[in-house]
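Lettered A, B, C and D in written order, each chain numbered from 1.
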Amino acid sequence: MFFASDNSSPVAPEVLAALGHANEGYAMPYGNDAIMERVRARIRDLFEAPEAAVYLVATGTAANSLSLAIFTPPWGSVYCHRNAHIEEDECGAPEFFIGGGKLVLIDGEHARMTPEGLETAIDFTARAGVHNMQKGMLSLTNATENGTIYRPADVARLTTIAKAHGLPSHMDGARFANAIASAGCTPAEMTWKAGIDVLSFGGTKNGLMGVEAVVIFDPAKAWEFELRRKRGGHLFSKHRYLSAQMDAYLTDDLWLRLARQANAAAQRLSEGILRVPGARLVHPTEANAVFAAWPREGHRRAEAAGAAYYLWPGNQSLEGDATTPIAARLVCSWSTTDADVDHFLDLIAG
Amino acid sequence: MFFASDNSSPVAPEVLAALGHANEGYAMPYGNDAIMERVRARIRDLFEAPEAAVYLVATGTAANSLSLAIFTPPWGSVYCHRNAHIEEDECGAPEFFIGGGKLVLIDGEHARMTPEGLETAIDFTARAGVHNMQKGMLSLTNATENGTIYRPADVARLTTIAKAHGLPSHMDGARFANAIASAGCTPAEMTWKAGIDVLSFGGTKNGLMGVEAVVIFDPAKAWEFELRRKRGGHLFSKHRYLSAQMDAYLTDDLWLRLARQANAAAQRLSEGILRVPGARLVHPTEANAVFAAWPREGHRRAEAAGAAYYLWPGNQSLEGDATTPIAARLVCSWSTTDADVDHFLDLIAG
Amino acid sequence: MFFASDNSSPVAPEVLAALGHANEGYAMPYGNDAIMERVRARIRDLFEAPEAAVYLVATGTAANSLSLAIFTPPWGSVYCHRNAHIEEDECGAPEFFIGGGKLVLIDGEHARMTPEGLETAIDFTARAGVHNMQKGMLSLTNATENGTIYRPADVARLTTIAKAHGLPSHMDGARFANAIASAGCTPAEMTWKAGIDVLSFGGTKNGLMGVEAVVIFDPAKAWEFELRRKRGGHLFSKHRYLSAQMDAYLTDDLWLRLARQANAAAQRLSEGILRVPGARLVHPTEANAVFAAWPREGHRRAEAAGAAYYLWPGNQSLEGDATTPIAARLVCSWSTTDADVDHFLDLIAG
Amino acid sequence: MFFASDNSSPVAPEVLAALGHANEGYAMPYGNDAIMERVRARIRDLFEAPEAAVYLVATGTAANSLSLAIFTPPWGSVYCHRNAHIEEDECGAPEFFIGGGKLVLIDGEHARMTPEGLETAIDFTARAGVHNMQKGMLSLTNATENGTIYRPADVARLTTIAKAHGLPSHMDGARFANAIASAGCTPAEMTWKAGIDVLSFGGTKNGLMGVEAVVIFDPAKAWEFELRRKRGGHLFSKHRYLSAQMDAYLTDDLWLRLARQANAAAQRLSEGILRVPGARLVHPTEANAVFAAWPREGHRRAEAAGAAYYLWPGNQSLEGDATTPIAARLVCSWSTTDADVDHFLDLIAG
């Protein structure tokens, strides 16, 4: 009953096996290994983007920060949701890699920014002369920090506003697979066809050890990315072990299968919670995370049984009236089992 | 016959096995995993440094840059050898992480800086008022870029000069294990007992996939390291897989056994080359790399047979007089076999 | 009838004369001139702060950015009002000098942040582990961007919150003289006695050519300030000409007299506007700027007569119904005359 | 008898008068003043460069750092002489503004880099893959730190090497006027006709209070310069006072007349020193600085009489044998008089 985070789940067995297979003899370092050749081709196929530049790094923060840095000058504004991972969970990494920059925070329910909010924010910087931070780029998280998703039409609506101001768009896809599994669209439809210029295509939260692909749809920025990656300490000498993980991820749609399992577990959990008297969803369950509230006594039973998850927001308490609903975040991963979910549901239902 | 770099060798089987064992169930992320607890304790034991702060990152460039950044202000000078990895092979990563900084280059044969050179360089910055870059810190690479080592007394001689000016000292130990295997001293003798304040303790070139420990002997800088690591995108969520590699590395002295194998291979290679008529060493063979020159015809035969290594410097040519000695760098790793070495020696001997 | 900005007014005659007097023979460069010695002593006297470190720079952006940079690490948060000059008018200079940093924006009427807003904002970052931007420092603008002031008790209320979290406080005093003239307190009461650690003491908007003093009440950060100033290109070789301006500013309370003139002009203007039927103040007039709205026809007459000022916000139009009140910002300086004010009032009254 | 530095001399009377004239009424801030319009036109005329972007800043460090930053990426190398002001006297300002960068130091007698040295240095970085700092730009100081000059043909020889590698070229002209006065060529011949892309055109050391023009011959980088200037805190609100100084400087060739006076004084001084028995020049006297050695007893007499100048290098002593020649740097300015020079010569001749 571990719902604290998908980043605590193990590595998929196919991925571990691939590491073993990659461990034969010598391999060229720094991304010049043969497996990376295959990965590059596969990602280009998957995204229907034969020109895309494809790179691997080991953390989501690196993928996001480097992606933003190649498109945003030090005096540029990054338009993101107020709760975006790049704003709240990266200790200023975007600003570090950009060499300045300013994250302009946009509101919107369920961690989805509104087109109006984006328009207003860009207008504000667009009016600017030399005294103000300048326009920069859009960054969307998909699936969002609240377990919702942007569908391709939602993405396009926002990137269209950005492009009307000449601005590129980034997608933080730490949970991109979950968003695709939920939307039922193709990766191309969710990204470049909807106006995305660069994607952090996450693997770590979805069955890999620590690999994220950065897909740059217009390769003009490729060499700058390589320099920034190296300079940031994110170029792996024994790169084949990143390549092998991503290669396994792309084989037989493993990435999508794992995400579907995680999403299905979240759906099962979400539906089960709603059957608990007094329970409600805080955010719609559209990917692999459930944000819901249910009576405090249910939390107490779950906690006593060792279930791991976060009260959300964190300043709530299990002390107090037994029937008051308390909100929580529950994240499922590819390794969440129906048994886990059902056991948890039994506990909170009492 | 692969002598191009130790970073192209595979992962030791013990390490791969450890990754499999670590892949059970859920684990706390971001270095809060149980294996990391053990790693921390083991490194403190190994270095006889019960207070040391211990962190893992995935690349040598990250380990070095973060280590320098916690001790050097943006206006500080880093004193290093002209051929140091931090100067020649990190695309400015130290300057990026330091937020400025200046690498002050010191000469010395066989990639070992001379005490006189260090003294002069520090004096130059120490005289400075506000117009000049200020004093910063010392950085030594051990084993060096030329396959030589600093022994503890050499290290102490240099750190003593640094400390006389109030400066801390860093050791880039990407090949620390090879240096220890060669010097026959303890890790403590080579580091804090010789005046080192922070060590990049390399694993990647010596049998790991991509793990370097940073050992900070005075833990006062620990929290700043954590912030810089996160901000640099170098904090792993699924940290247990870094921990597991390092744990295996520390088990039954694997780190030292692998380094001894590599050093022994280099010694065998070095001695064999010297038996070739017209051959000579460019640098003494003290760790796992051989820098030697031998007649061009021997290079031609090796190349024709598929041997991989670099002419060093790179601007030499295999075209021309057959007997002219041409210099090369040959790097051995834990996986270099006697058969490989002997086959190579047969080829160059003709 | 120039009310566009106080930064467009001329230099006070006393200041110009002082430049002439300073222009005799040779003077030691870089702040080692004799006049700077006197300036330092005078500022320490004025602020009753015998230990304070005192430096001169030529722009308010430099004064603010350097002041913030010596107290805020690259991962630190600067708590400021949403409309602060450091947020809206410095093109990211604080982030540039800090080497990162994040400005956390706090609301509050009339450009004064509320204690509640500050408390909430600090709490948010204070909860943080390594994933979040860390606590940094407080920055207040006084007089504010809306022509209001913080009184010493207001300042103390906010710095007390900051200090409860261990945070230092900065005052952007580009219009410090106007705030003092308005509050009727001493400089010490407005600053260190109210918890301020570093002050940008502005002169440029108040009769100097381009000089701002930075007053660091605890001199422990003095040397770092000197290094950052030099490194930022803000150390003047012919420093005596900065010194001379500031020296004249401090002589016979010129700084305060000029500010009183500017404030009095604004008061006269404000009261006059309120006599216009349909007019109202947008913000209270507490220093040298008037934020008011009056019927559009009055604006049209003023514009036709060549009056210079900004509609505020800027997206309003002089086209349309003649009686609709339109808001504007009018800034007075030491050189604003009663005749100017009265002429303007005649125009808008019709 | 003040020869310590030209930055300690007073402001030319024409310049002071111009400040008075500029001090009338209101003026648009931030470089939008009418005087700046004239300055821009005059500099374009002077340099025969009708498209050039022209900006004013207040310090040479700002002029240089901003000029380098618009042409050098954070991973770029700046090729400069080992004794360049940007290397030795700016506390890392170039690296701060570039956001990294590395100064690659080139040798050459009399502070003039050799073409061979430049070629070798560029070749070294040009070979580079992603692991190394990349190519960046050339920076020449003219007149040099040793009081010598590059003639247009010398400049062209170096910029031709740079351009063969696709690199732009900067000239640090803190003493540009002295170089022009010495070379007898036009400003255009010394700059863009000889391959220079951006010039720091110094005024501060030659009779201004603190103004340097940056002349960017290809205006494509103009907007980025404006943003970096603002962000660096170097955009003056009361810009007219910078404009007025530069305007006076350009009127009736004041800049050139002042430089000729300084150069003539240095020539008189140099020739006089050579008449002292045992004296010799350390560097040729080509601009306004004299580097010469003469017997220690002459130094003692000069010092006793209050002459101000630096022993160069600084580690020499006036203690010891009376006849041993001791080297010194003597800098003349527009305000150095023949009487000063002759008095000094009398002293050292004994």
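Definition applied: a residue touches a chain if its C-beta (ideal position, glycine included) is under 8 Å from a C-beta of that chain, and two chains touch if they have at least 3 such contacts.
Predicted model, so just to flag it, every value in this text is computed and none were measured.
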*Interface with more contacting C-beta pairs, comparing A-C to A-B*: A-B
*asked:* Sharing more than half its contact pairs with C-D, counted by residue number, which one of B-D, A-B or B-C qualifies?
replied: A-B
*Can you check how far apart subunit A and subunit C are, centre to centre, with Cα atoms defining each centre and the answer in Å?*
42
*Between subunit D and subunit A, distance of the C-alpha-averaged centres to the nearest whole Å*: 52
*CA centre of subunit A versus CA centre of subunit B: separation in Å?*
35
*Of all the residues in subunit A, which ones touch at least 2 other chains?*
74-75, 90-92, 96, 100, 130-131, 134, 227, 230-231, 235
*Once bound in the complex, which stretches of subunit C touch subunit B?*
30, 73-75, 99-100, 130-131, 134, 224, 226-231, 235
*For subunit D, which residues are in contact with subunit C within the complex?*
2, 4-5, 7-11, 16, 19-20, 23-29, 57-62, 65-66, 90-93, 96-97, 204-205, 209-210, 227, 230-238, 241, 308
*subunit A to subunit C touching residues, read off their complex*: 74-75, 88-92, 95-96, 100-103, 127, 130-134, 314
